[in-house]
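Quick one: this structure, given as structure tokens, is what I'll be asking you about.
To keep things simple, chains are lettered A, B and C as they appear, and every chain counts its residues starting from 1.
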Amino acid sequence: MDLLRRWVARQFTTRVIVLMPVAIAINIVLGATIQQALKLPIYLDSIGTILVGVLAGPLAGALTGILANLIWGYLLPAPVGSSTIGPFAITAGVIGLLAGIWGQLGLFRPRRTGAVNVIGAVVAVVLVGALAVYTYARAYASPEAFNNNVSGNSAITIDQSKVFFLVVMLVYVVLVAWAIFLRRNVGAVYAIGAGLVTGIAAAVVSAPIAAVVYGGVTGSGTDALVAAFRAGGDSLYQATLKQGLLSDPMDKMITSFVVFFIIGSLSRRFIARFPNGERALGDEAEAGAPAASES
Amino acid sequence: MASSAPGAGLPEYVTRRAGGFYRSANPSTKLAIAALEVVAAFVVPGWPGPLLVLGAVLATAAAARRLRGLGVIALAASPIVGSILLVNLFLLPGASDPIARFGPLAPTWSGLWFGLQTAARLFAFSAAIALVYLTTAVDDLLADLARRGLGRRAIFVVGAAVQMVPRTIERAGEIVDAQRARGMDTEGRFWQRARGIVPLAAPVVFGALTEVEERTMALDARAFSAPGRQTLLRVPADRAPDRVLRWAAVLAVVAIVGLRVAGRLG
Amino acid sequence: MAIELSAVRYRYAGASRPALQSVDLRLDPGRVLGVAGANESGKTTLCLVAGGFAPGVVGGRLEGSARIDGAETTSIPAHALALHCGLLFQNPATQLSNTTATVFEEVGFGPCNLGLAVSEVIERVWWALKTVGIEDLAPRDPARLSGGQGQLVALASVLALRPRYLILDEPTSELDPAGTALVGEALARVAAETGAGILLVEHKTEVLARIADEVVVLREGSVALAGPAAAVLADSILAELGVEPPARVALERDVRAAGLDWPAALAEGIG
């Protein structure tokens, strides 16, 4: 019991308490403005959440996400305030929690492009790919197969699941290639892989919320997609899940990518002072590239 | 300024009590009532739930002179409400009572019914919550929660976040202006807009992050991590009617959920 | 009763070189000790170490002894540090708590954190506001003040904790001349009326010339020069150490260099 209390207290130092409102403000401001500018189902409203999770731990990350949603939904007036984001606080909490775990596992560390790291990266890609294949096969199975809990090739509606899965993996590969060839940083593979897994989890958690509270719609363009799935006979839950599995992984992959580079750009001195900082940084030797200048 | 003379207790600009119907009610009571309204809107099946809640919220808002605020909420919720209506109107699975046929499109009565109900439920939910923040200052809400035991760290995070959002938006706006003055195109086609994001987002993010160190030390320099309960200079009133209402609301929530679970609400 | 640094050597977490090499320093209550030096000479680090914030709040490794009133700073818990030493930094905006709506509540933030009784908090707030001279700012919104006013509010907030020592890290560096003058006057008043020991890091040696009793000059993490303020600020070695001497000193030097007399009456007049 005391160990638990100490684990909790360790994650909420004054520095973390100061970082959280900054992260929440970043979530809200970036989320609102980027959504306006790009008009894509890419929200980038979890940057702060994932950043806090990686730097401070799962509990702090989860709370940042939850509070950000609640504040955005219920404490800020329009036009900044969003009337639909509140109930998704649970999803945001899960995102922050996962980010904390990834941070503890060191998945956001910068890594040189050396032999060991590349092999590790390949293994990671395979693992993540396998998880994605399973999830997409289950989700995009025909409605009968989905409801009867049958999985496996015989029940897959081949076209749908393959198309969506390929789209997501394509985005993954593009981001990773950019990181490796232009920035020489294999660590991005792990970070983006973590983002993919986080995105899948987010979609799975959001689907029931969207279905129950909003009847599956959010007032944005993706509703047409949900409607199309519904027309094809999918249940409400399955339709929102399919839509989520398309937009959430992409959004979280890009967000994790961004957080990875933000962490890489901050000075070691700054990061080392956070509860999870040492683990987020790893050894200087492993990082390869010269440490960012002391600020 | 007689009210600010030393030794006279807290100056009036600190205690600043809110006035007006419902606005002067205790924040926690308003929260409890909102919770009751949300539960009623979702748990009570069919029309009575959302309609009763909407009626109550509108009446309270009118009495508290906050109808215009609710109107703004309604406007903000219109895209999603429209979506809900459209999707359910045309695509409710299993609906077989069409209103008319326009080629392949067949809006159904059950679709319309269900869509309206879902929309009403959603609007009741949003309105109930909006009523709380339309009639309560964030300061007061946090102070009341602090009095009931919410820790200073949580209070700080929420309070500081709420203050920081407008300030960050201002800063983002300044950066946008500065970039525009340097010739960045903010209106153009998709790719241009996408590329323009990094020079906008990066300064906002890094500017906010570099302040963390200074803010941390400033907080510690003001004994922020001292143990024990912090002193509260201002607490919203919590009168007998507030307490009664609050408990009544909590009991009502339990009752509604219980009845629904026991299948008595049909 | 003093802040004493003996053979202090300090390195930040994750840094390769120590920021302070070997520093000996003493600050007594009621005295004003000025600190000058070029950029990156360790002035900010000195403030943090003297106040116990390094290593307490920012981590890092401290060798040697840093004591406040006889107790090692490493043995004082972080929240108690503020009761011994009030720390002030350069940027007024980041020193606001961002949770208060009036200057009164902002200055009361510290005492409230300590859990003092409301009457005690009120008394301390008015005392701090009066000492700094900003009672008329009490109802204002802390986020809407000028830079100089913001620093005065920060000063009052820290004073409200009644620390025995005040450590200020370049408090006027982001202020215009008017703001600098405001803060300088307030500091002089605080020094006179509260009996606190003040450690003042300043680039603007004019301020040091006005209120410091002794001055220490740092170079690359160690003390290069120390002594009474007038003597140190008139020392010709200042320029080499990257410190600009006060205007008066420079003027006197130029006048004498031109072969003219620097009459005593003039010296007293500018003084």
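In this section, a residue touches a chain if its C-beta (ideal position, glycine included) is under 8 Å from a C-beta of that chain, and two chains touch if they have at least 3 such contacts.
Since this is a predicted model, take the numbers as computed values, not measurements.
Enquirer: What kind of graph do the touching chains make: line, ring, star, complete, other?
Expert: complete
Enquirer: Determine which of the two chain pairs, A-C or A-B, is joined by the larger number of C-beta pairs in contact.
Expert: Between the two chain pairs, A-B has more contacting C-beta pairs.
Enquirer: Just curious, how far off is chain C from chain A if you go by their C-alpha centres, in Å?
Expert: 45
Enquirer: Need the CA-centroid distance for the pair chain A / chain B, whole Å please.
Expert: 24
Enquirer: Using the touch rule from the top of the page, what residues of chain C touch 2 or more other chains?
Expert: Within chain C, residues 57-58, 78, 98 contact more than one other chain.
Enquirer: Touching at least two other chains at once: which residues of chain B meet that condition?
Expert: Counting only residues that touch two or more other chains, chain B contributes 156, 160, 164, 167, 211, 213, 215-216, 219-220, 224-225.
Enquirer: Spell out, as numbers or ranges, the residues of chain A touching 2 or more other chains.
Expert: Chain A, residues with two or more chain partners: 14, 21, 273.
Enquirer: Could you pull out which chain B residues touch chain A in their complex?
Expert: Those in contact with chain A are residues 42, 72-73, 76-77, 79-84, 86-88, 90-91, 93, 115, 118, 122, 125-126, 129-130, 132-133, 138, 153, 156-158, 160-162, 164-169, 172, 186, 190, 193-194, 196-197, 200-201, 204-206, 208-213, 215-216, 219-220, 224-225.
Enquirer: For chain C, which residues are in contact with chain B within the complex?
Expert: Per the stated touch rule, the residues are 48, 51, 53, 57-58, 78-83, 86-89, 91, 94-99, 101-102, 104-105, 108-118, 121-123, 126, 130, 135, 138-139, 143, 154, 157-158, 161.
Enquirer: Please give the residue numbers of chain A that touch chain C in the complex, ascending.
Expert: 14, 21, 267-269, 271-273, 281, 294
Enquirer: Using the touch definition up top, name the residues of chain C that touch chain A in the complex.
Expert: Against chain A, chain C makes touches at 12-15, 57-59, 78, 98.
Enquirer: Name, in rising order, each residue of chain B that touches chain C in their complex.
Expert: Going by the criterion above, the answer is residues 4, 6-7, 9-11, 13-14, 139, 152, 155-156, 159-160, 163-164, 167, 211, 213-234.
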